[in-house]
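The chains carry the letters A, B, C and D, assigned in the order they are written, with residues numbered from 1 in each.
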Amino acid sequence: MRTLSYREALREGLDEELARDENVVLMGEEVAQYNGAYKVTEGLWQKWGDKRIVDTPISEAGFIGMGIGASMLGIRPVMELMFWSFHSVAFDQMVNNAGCVRYMSGGLINCPIVVRGPANGGTGVGATHSHIPEGLFAAFPGIKVVAPATPADVKGLIKASIRDNDPVFFMENTLLYGTTGPVPDLEDGDHVIPLGLADLKREGSDLSLIAHGRSVLHALEAAEILQRDHAISCDVLDLRTIRPLDQDAILATVRKTHRAVLVDESKAFGGVSAMVATLIQDHCFDDLDAPVKRVCTLDAPAIYSPFVENDQLPNAKRIVAQVLTIA
Amino acid sequence: MSLADSQYARLDFATSPINRALTAEQKIGLLTQMMRIRKFEQASLKYYNAGRIGGFLHLYIGQESVAVGTISLCTPNDHTITAYRCHGHGLMSGMNMNECMAELFGKATGSAKGKGGSMHLFAPDKNFWGGHGIVAGQTPLGLGLAYGLKYKGIPGVALCYLGDGAVNQGAFHESLNLAALFELPVIYVIENNGYSMGTSQKRSSAYRGCLAQRAEAYDMEWDLVDGSDIYEVRAKTHIAMERARTECRPTILEISTYRYYGHSVADANAKKYRSPEEIENYKNNHDPISTFRTRLIQEGVITAEQADAINKLATEEAAAAVVFADQSPAPSIDDIMKDVYWEVDNQTEAGRTGRHFFND
Amino acid sequence: MRTLSYREALREGLDEELARDENVVLMGEEVAQYNGAYKVTEGLWQKWGDKRIVDTPISEAGFIGMGIGASMLGIRPVMELMFWSFHSVAFDQMVNNAGCVRYMSGGLINCPIVVRGPANGGTGVGATHSHIPEGLFAAFPGIKVVAPATPADVKGLIKASIRDNDPVFFMENTLLYGTTGPVPDLEDGDHVIPLGLADLKREGSDLSLIAHGRSVLHALEAAEILQRDHAISCDVLDLRTIRPLDQDAILATVRKTHRAVLVDESKAFGGVSAMVATLIQDHCFDDLDAPVKRVCTLDAPAIYSPFVENDQLPNAKRIVAQVLTIA
Amino acid sequence: MSLADSQYARLDFATSPINRALTAEQKIGLLTQMMRIRKFEQASLKYYNAGRIGGFLHLYIGQESVAVGTISLCTPNDHTITAYRCHGHGLMSGMNMNECMAELFGKATGSAKGKGGSMHLFAPDKNFWGGHGIVAGQTPLGLGLAYGLKYKGIPGVALCYLGDGAVNQGAFHESLNLAALFELPVIYVIENNGYSMGTSQKRSSAYRGCLAQRAEAYDMEWDLVDGSDIYEVRAKTHIAMERARTECRPTILEISTYRYYGHSVADANAKKYRSPEEIENYKNNHDPISTFRTRLIQEGVITAEQADAINKLATEEAAAAVVFADQSPAPSIDDIMKDVYWEVDNQTEAGRTGRHFFND
């Protein structure tokens, strides 16, 4: 295993898929000549040229719709949203054209498109730039949603997403790009992680922390503290994919520990965790020793101030406090 | 419309190369297609009123020359996509009346298995990509078809249709800039029937000469077409298609046309926002079918009796489609959950991993 | 009390507010000269003229954004979306400009705008026209969401919404426009129903059916059947407003009956009912005798076929079956 | 830019009525405002680099004449709104440096209590409506300000600023059509600094002569302005404002300008997509401040020493603002949940009914 940053692992995944399939094309604002606003695509334009790595104007509805149209013809566009927050100007194309065209055509069409980019708060860019839309899009059947937390996962999942024949909305995190972790060596074969499989990132016995994306890191940190300071042993389950969702893994951990705290960077109304809590209370009604609790982003638009921004987001401190209410 | 009136007498587009090349048989083919579309629409109207078709029904009656004229120029490399007023484009693309009517009836034998309905006919195998309900939502998709063709090195053209009311949507503007900037082989065909629902062109759009002229904002070519003359439709569309094919440059074509019925059959105001004279003028003086029928008789290509026979055949074909639709099975409740994900439908490993659906 | 249709009661509410406050202006596609696609605004243009009732081009992002901008200056625009589904092309204006501008300005601005129109399935218009976005928008702090079920409620709530100084997204239902019910007489004073109050539409003791919008009618029908055929007595709680949510009323009914079935025309992932279920399991953990169950729209894009369309939606039959699994 | 270069010598806009009417004091006021903005920006740059300011910082340095020239024409009836590059507009609208700097620092004394940050300065009491982060998202809001003015019968104008990259967003197109159709007193000011992040105008837009010319698509007036000459900015903006005020008709103004720094301070490529010569040429030959400073000295309105004194005062004002920001209190965690709903903040009956927030 090598140590790579999340950004490098992601780029490697993109690069490998560009090499594997000539129908893969990367598009978005500043992805080519500028090397990407967050440098995810750095070097790819130099390597692959104008045809495969394409800069677009600031027209998200236009170029994402264009990608969807091209995908109907068998192109496999990987579209970067500079921020996932900019989905708001392309929403119709994403939910109606990518999400519904297969259904409305009775299965005649499929859209093998990936839309990717960072979806997170915590970078001081304020309310309009800090939307966290995993739950928003997972609500639309026809769409798949992925939110990887580690370098190995981001590589394996981007590759699976590009090969998937349905539209996959791939949500990264600006604050993870620089984090590092082990990634399988190239000699060990194609590193592809199927969508729909959660990953138990830490094993414990007393309580289940269930999270995705950067919240997994907070959950792991909280689990450490809980173990050390409170002798509470936690499973940390990383959902990795939101839709398809690994319900079996969720129910398994809860049936083992009988208590769950969900960590979710979304707001509480409509977040992924509302769905997961609903599933757990339904399927594990007799297993639960306490209500399912959640740690979400505080329910206001994202505040700018660097002094309190992190307090609005899930963090280890808030998780520990929430766990202690039911442990 | 004054435009149509004034241009009508000016040029004879029968003499343009693409029309001179037509055999008698091909000319009769054009007439036949227009008649088939009209008969299909008349049959749908009847059965919509009888409660056999749900949702909205946007009839193409009056506009037939647009789909027939433009799509008659398409090669197997060319692709089309349009809005919800899509029956004409579907039939002209080669869909048969049975699958179309069955779709309107919501039957499992419909082109989309009864899942899409009247606004959502699709036949990708015939290069027809729908049938889209969100006004102008199809315009970036049309761009994407052109992008795909260029990317694959196929010398084809994407024809993307939209209404005169759709030009004011943001997605269309974004598409135009991208089309011109990326030099994509797309033609945006504005089917200008003068109204978006009850709103006239003047009440919905600000423009100089005409809507197509907005192309200049993107340094793009444009042309105005009298839709009552299918020869003109073909001649001017041909020029735009050649531009797309050989120079990879986009065009906006604005084709003036008219719909005889309301916006949809449910439009109770159809006769309120348009004067009866306006409607009658079109029917009597600009109907694309009777105009072309007369023309072909004048040209000696066809006799009145032959034309009537074709019309009768079309009527019968539509009636048979109604019978087919009527006798076809409805989709089952189980069918509701199919055709959502390709991977699930194809029972791949990916389709079997994780929970895809959240019903209990 | 008079008997009015939902459409008439809504129109009466609009008309009264137009009379009360000259800053109220109605805008949307075909609302004026055409009398409204669904005739809600019939006669208002004749009565109030061009200034107060305004036809717009098909430019939802443009005209809704325009309304938001005007509302910042104290105009009180009531914007009709011909279908709520068309929110998809105006999403950015709605969530970022209406939803966040107060927060981003530190409270300097408020947007007293109402966006209204029908939000429902069941009319044969297919996937793109049948979105049910109560949950979608309730997820955004800064936005209020209302979904009335009866003529009296639609009148009282539209008036409260127009007077509210925050953006209110008001979701009606095509299939309710023609339904009738008692509406308070004009002599009995201004009929205004505050946002944030649920209404117990039927009293029972064994189980709580919790719904909003047209699902309330299905719940009432199911309650009737359950009483008659199964001797199960149900509370039927109509949420009426989704955000602010009447949590007290929700918890009260569940604490009384110990069982809840939520009926929600949204899809299950991210619907209002996922949030309500999460709240109930949290606050009524020890009160519940069974898991909270839900009846939602079947989790696929909306099917067109009139033969099965109603089977995709919540209906009395599906509610009864779901109740019987836990009663 | 060739445009700026060629126009520069042509006309002397000092002689246009709106500039001839300026007193010496007012002229010095314009210079002062430009200097204040630049000094404010230089101070922010310094403290951004020192880690005291979060998020993005989009500097206005090089573009000062646009905000100062246009807003100098505003009466109490006129309103302004812009994108994220908003410090210049805020200061020129009358915001003081303290509240602006404190906002950048994320302090409770900031104009938005530290909730908005650099991209979101607001001062509605001074007719300044932000500061908006979504590219072109402010363009329908600007339209709405104009709508509100007209609705209320106020003879005011809405000035709505956007970048050259923003013109390709759908919302802008929709706004233009609505502005022309509804005859609204709005002026769209394209601050064309040649680039949207790293993408040049040519790589992002298809157009004929210039971006403003797209106005013709909506039968709307437009003009091109050399931003390095504040007299020209004022003269041409004045004409557009009169058109709006007296005829209720919109205009697009395209003002050529330049930003000396990167797109934001975080833009690591600022010197890669633009040649050093290009940047130097602007600084040396087209800087709106030094150009105007020289001009005023030539006119005998000011001496070099006086100009330097003003500059020094501006430097001191900015330094004091940093001290103010630095010493101000941060918002508390409780503040996170305020300013979401008007009704809650004002503790009305509506604000107390039902659950508004979902924390735990």
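By definition in this document, a contact is a pair of C-beta atoms (placed from the backbone, for glycine too) under 8 Å apart; a residue touches a chain by one contact, two chains touch by 3 or more.
None of these values were measured; they are calculated from a predicted model.
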item: Reference chain A; chain at largest CA-centroid distance; value: B
item: Selected interface, C-D versus B-C, where C-beta contact pairs are more numerous; value: C-D
item: Where chain B and chain C are represented by their mean Cα positions, the distance between them in whole Å; value: 36
item: Chain B and chain D: spacing of chain centres that average the CA atoms, whole Å; value: 45
item: Averaged-CA centre spacing for the pair chain C and chain A, given as whole angstrom; value: 31
item: Distance between the centres, which are taken as Cα means, of chain D and chain C, whole angstrom; value: 40
item: Sites on chain A at which at least two other chains make contact; value: 57, 59, 61-62, 88-89, 92, 96, 103-104, 126, 128, 141-142, 243, 267-269, 275, 294, 299-301, 303-304
item: Multi-chain contact residues (two or more partners), chain B; value: 112, 114-116, 120, 132, 134, 137, 168-171, 173-174, 177, 181, 203-205, 339-340, 357-358
item: Complex contact set, residues of chain C against chain D; value: 23, 25, 51, 56-57, 59, 61-75, 92-93, 96-97, 101-110, 112, 141-142, 144, 160, 164-166, 194-197, 241, 243-247, 275
item: Interfacial residue positions of chain D with respect to chain B in the complex; value: 168-174, 176-177, 180-181, 203-208, 213-214, 216-220
item: In the complex with chain D, residue positions of chain A that touch it; value: 29-30, 33-35, 37, 55, 57-59, 61-62, 85-86, 88-89, 123-126, 128-129, 267-269, 294, 296, 298-301, 303-309, 311-312
item: Interfacial residue positions of chain A with respect to chain C in the complex; value: 61, 88-89, 91-92, 95-96, 99-100, 103-104, 126-128, 131, 135-136, 138-142, 243, 266-271, 273-275, 277-278, 281-283, 285, 288, 290-294, 299-301, 303-304
item: Residue numbers on chain B that touch chain A, as the complex places them; value: 79, 81, 110-116, 120, 122-125, 129-132, 134, 137, 139-145, 147-149, 151-152, 170-171, 173-175, 177-178, 181, 338-343, 345-346, 348-350, 353-358
